[in-house]
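Same chain, two partners: chain A is paired with chain B first, then with chain C.
Showing the complex of A and B:
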């Protein structure tokens, strides 16, 4: 799974290059996120602008990433496509994660 | 869908490998596009089929490749039905799927077990049945929403 990662000050911006985060890539995605967290990144923006499909396994991997922070830092989301936002609303994950329309807004909030 | 369109049906098979599930999802999305459903509805229907196929692969077949998952799609003027079948372990009877957690307390937020909740929330009718070795999850969505 291809994921771009860029540092903006003390914020890590993570941007999956692929259109789907599903059960076939969820474990790999979670592994990469946990590696970045273990390297000391505590302020993370997950930019999902390229992603047009997430299933419950992909969503679970994003939740696992949040839990891996252990309350020390934050994982916020930007660039959610409207259809994927529907999944966040359906599962109430929009109450769990701060969701920003742009990466810039997310950086300012962190 | 045009009023005059008769009931139509398509069946396809995939091997029980998670890498194949996106193909089933894209096929569902294509059919939804043909039926002129909204992007949001197409996403939810694709999601339900993907969740059902994932469950068949993970739970019925223990994530082992080399087994068959059958996807049967029937659409009519009133709605669309998806039948996802496997020949693996039967699903144990379950209560109504729920998703209870405290959004402010990360420990309580689920990382798995959301698939059946999603299916139950999106679909109008969900039935799990077994006939001989064949297990089928039938999911029905009416074009005129119940809500």
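Showing the complex of A and C:
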């Protein structure tokens, strides 16, 4: 799975290059997120601009990443496409995650 | 390394030369002076490789090779032709009838040994590959059988018979995906006038998701657990737990960290006497109520997925059912079902059918949905389980009379 990761100050921006986050990449995705968290990253922006589909395994990986922060930090989302926003609304993840329309806004908020 | 090589050549000199050479190189050697003897002895000798002359009295080397390749036990033993015939046409023919290599006489010792070594190596690797392949196919078959058995066990948890509630007509359909999935549902009596109903979809696929469905369905069993119903002092001796509280309990019991899975659930309690419906929906695709006038209400009050651990509170909502109202519950397997062109079945398509079939009975309604799914998918395998439940409310008054009748028995 291709994921870009860039550091902007103390914020880590993570941007999957895949169009789908599903069962085939979920474990790898979660593994990478947990590695970044274990390296001491506490402010993370997940930019989902390239992603147009997330299945239940994919969503589980994102939620598990948030849980891996264990309250010491924040994982926020940016760049949601309409289809993925639909999933976030249906599962009420929009109440669990802070969602920003752009990376810039997210960086400012963190 | 004691591989056995059979030399078939009518020239004794050549046989002696080859034997000496091959023995020195550590091989076991057998000999035949003509094709007939070679074919007679080959099975008993069971060589690992045959060095075969072409021009011999009796049958030719080409013919011997053809017959060897027709013997099941010998067919995969490599044959190297060793011949004075040096025309390209002969070499091609030799390779075409199954020879693995072709060496022309007079030969160079080093070349013969190198080619023999090569063919034996290929044979060894091929044998290993075949063995590994058989092992893998075997293991895969056992796994497939286990998965099928597991799916059967999971499906045995589905209600075999719907509770016989006179003013509720209940129908359900389940279409398994190509692998065992994480859908489960149940409809059960909580007491004389209350029916409980849930539909669950555990994240992911496969055995872990399926095992969680088994665990959750046990937890929700009103007769064995205390999550949906608990004993209390005083009459009537039990308390039916509200949907919101049931979901809160599940959220505590099944944190995502526990199995690295979460699930969505919608849990409804219907008072069959009054048409009172209370539900809470934890991120499950919203069930819909189709009123007899065709209008559709989505049951979307609740909270987020089960497993977040109190992050977002759960709400519940009360809805009053009227005679003829239908409730349809489904898992996302239907809306996320993709056909060969990669198009999603989608919620709109589902709502369109529900709208068009608002006058149909529960069984006919589900059949309409399935027909539409099949027309859409044209036989494409289901990527996820699809579960559908339809319930029609028969009205409040019937129940009142029934209860009275029940009491007289």
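Methods note: the second predicted complex is superposed on the first by the 110 of 110 C-alpha atoms of A that agree within 3 Å, B and C clash if a C-alpha of one lies under 4 Å from a C-alpha of the other, contacts with A are read in each partner's own complex, and residues count from 1 in each chain.
Please note the rule applied: a contact is a pair of C-beta atoms (placed from the backbone, for glycine too) under 8 Å apart; a residue touches a chain by one contact, two chains touch by 3 or more.
Quick caveat, the model's predicted, so the values are computed rather than measured.
Considered on the superposed chain A, chain B and chain C are sterically incompatible, since they clash. When the shared chain is aligned, chain B comes close enough to touch A:82, but chain C does not.
Contacts of A:74 after superposition on the shared chain: neither chain B nor chain C is touched.
In the superposition on chain A, contact of A:55 is made with both chain B and chain C. In the superposition on chain A, A:24 makes contact with chain B only, not with chain C. Within the superposed three-chain model, A:105 lies out of touch with both chain B and chain C [touch as defined at top].
Once the two complexes are overlaid on the shared chain, A:64 sits against chain B and chain C alike.
Note on chain A: of its two partners chain C and chain B, the one contacting more of its residues is B.
Among the candidate segments 81-89, 171-179, 225-233 or 315-323, the part of chain C whose C-alpha atoms clash with chain B in the superposed model is 171-179. Within chain A, the residues touching chain B in one complex and chain C in the other are 23, 55-57, 59-60, 63-64, 67, 90-92, 95-96. On chain C, the positions that touch chain A within their shared complex are 182, 201-205, 256-257, 260-262, 264, 283, 285-286, 302-305, 307-308, 311-312, 332, 336. Of all residues in chain A, those touching chain C in their complex are 23, 26, 55-57, 59-60, 63-64, 67, 90-93, 95-96. Put simply, chain B touches chain A in their complex at residues 18-19, 21-22, 25, 39-40, 43-44, 46-47, 50-51, 54, 57-58, 99, 101, 103, 106-107, 109-112, 114-115, 117-118, 121-122. Residues 20, 22-24, 53, 55-57, 59-61, 63-64, 66-67, 71, 82-84, 86-87, 90-92, 95-96 of chain A are the ones touching chain B in the complex.
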